[in-house]
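The first chain written gets the first letter, and so on, giving A, B and C; residue counts start at 1 in each chain.
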């Protein structure tokens, strides 16, 4: 009890002694773990390089200006590809994520013991593996190019979209579903009238949100050969063409800000 | 009112579901535009079906690598990569969250004066624009190959993510509670401690754990460009077409992510 | 005629929400079910249309046993029972019309309902009902744009378009202000009168129950402790249902209002003659 009586005086503390000690012990252990990890890292770091980094950064920056503006004409196709990878990949993911989410949500799944674990496994494995790793795998399998990028983005996004969607499905207002059930509606009708209208805004929000993230992700897929602007970035860096690198970085910033603006607009319109 | 007046049989009234976008022109333009975009986008996607077919046996071989995965041959490499990933994750999350608290406070419109607000928002926008891997490429250039570059990368990414969400959370807090505490006449720090912190803390702890989870996953990726961690092992395995080892690494990543996710989910439930 | 016999509901947690309820509701009777929170009122009406599965006992609607029905037959039975909910339970992102028409889902094929192609007769009926409750100008408004009283009237339309034989009403006024509460109760009672419907109304508010219902059933800890006319609710009875409290003021308040609102009040009036209070044509004023 936070309130203690001692010599007829009530003293108040935020936590009782035991909780307080636990909290302190928690902080202590946390600090120890952090310090230990830091030491491990410090052993593997050449600190000379680290202290030299600011000078290096300045050097790199000076070589990046002025940007070679003419280079942008070589980039249009790559920008188009990048956007397509994100958009088509997101569409593919959504098509697959919707059934997965309905199978994973506790209140809509056909079977809690059999179907739900499978759906959850699909979600977890898709989420755990980054799109760059998916791209690495797919480039090895289907060959380099935009196609591998689309599938990589799609596979990575299934888990993300399905997870958010199934959480939205689990959070719906059961009263509304109950009311539709009470009219004597069939199962699919309860889905169409009671559940889908409730999760539709979440679905639209999730799609746009993921599309926005995917634009960002698709800028790097080129590093492993899966198409898009990353291809130009890695070759420019490899050739030490820093003035081209700065153009690419600016293009990426503009694209990302544009996509963020679009997604904010769309989400605003929906909600 | 109306109910009482019209009793006679009224003519059948039609009803149609009102469309989402009421302006028919805009609606059709959107549909047609989306159709045209899809057609062009799909048309310009070059797929070398011959190459894809060629890949099928390779895909089968990759999937075959999972049965069984090979943990043994490169065990030392895998373990050291995993350790590296784990402590990169821990250090970068702690440092990143610590750094993003002042930046997040500065980027909340209802707390910070305009110049600080714009400065902090600028920092957040720039750190968020670039994918972790792009940052990692530059960090590797600056700090050399190895985990320190990965650490810095993840710190930057954490600041961008956590700082933005913290700022948004603070902006969404209940102004009445904040006003009530302000009315007691405490100092600015007391106000933050009593009015802001209790409102944002549970969610922020949850998000911190979530970021830990993300950082672990990202640590597997930054390795591909040489910034340390398990990604290096994975990349090497792919380079040598050693799919058994790659499968082992992927399974380990999935397993650890699941463990981290369940624990963080549990902790979040306890906190909220 | 609805007959409940020995109805028992035991939840998985072990709580016995209903301990053997025997209850008959004749056709055309409006019955109010009162009792403290947790007495089992909600469970009782949900056991009737099996949104909650009863553990034991029988529920018969016009002779048909409901507890043994399979899924398909249960859906048919549910079509014959309209339900009105506490928090309105409208599907908030659908329009008023869609919400009302959702009462016809049981009679409409899936694809027809999916593309919102309901039968013209259903649409006519929906318009007629919305007109009756004074909402026909809000057909295409989304449900979450309406006020509480308006939403509840949409809920009433949704229940009535099912063309039910029985209305199950769960705390219709719990989220409404006092004035709107009365208007909604009055509307429900009038509609029951017009259509010769029987209704079970769960209600917290003893005053409203006394004003509008023909018969009052008091539930306490899953058992019926009072069954009789509104006039029979003495302080003793209320104490038995709700526990110790000063009930005199509640009853006095009712009597005062009875004076100017209800035509006549006979202590033993539980039969069909007793009508819901009629207040003339201006009753709808203020409702739109």
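The definition used in the following text is that contacts are C-beta pairs under 8 Å (C-beta built on N, C-alpha and C of every residue); 3 or more make two chains touch, one makes a residue touch a chain.
On a predicted model such as this, the values are computed, not experimentally measured, just so you know.
With chains as nodes and touching pairs as edges, the resulting graph is complete, every pair of chains being joined.
Between the chain pairs A-C and B-C, more C-beta pairs are in contact across A-C. Averaging Cα atoms per chain gives one point for each, and the point farthest from that of chain B is the centre of C. Mean C-alpha positions place chain A and chain B at a centre distance of 3 Å. Centre to centre, using the average C-alpha position, chain B and chain C are separated by 48 Å.
Residue positions of chain C touching 2 or more other chains, listed in rising order: 98. Of all residues in chain B, those touching chain C in their complex are 1-4, 6, 10, 12-18.
Contacts from chain C toward chain A in the complex involve residues 49, 51, 75-81, 83, 85-87, 89-94, 98, 102-106, 108, 110, 113-114, 155, 158, 162, 168. On the chain A side of its complex with chain C, the touching residues are 173, 175-176, 178-186, 188-189, 192-194, 197-198, 200-201. Residues of chain C that touch chain B in their complex: 95, 97-98, 116, 118, 120, 123-124, 126-128, 131-134, 136-137, 139-140, 281, 284-285, 287-288.
If you check the complex, the residues on chain B that touch chain A are 37, 41-42, 44-48, 51-52, 54-56, 58-59, 62, 83-84, 86-88, 90-91, 94, 125-126, 128-131, 133-134, 137-138, 141-144, 146-148, 151, 217-218, 220-221, 224-225, 228, 231, 234-235, 238, 241, 246, 250, 253-254, 257-258, 261.
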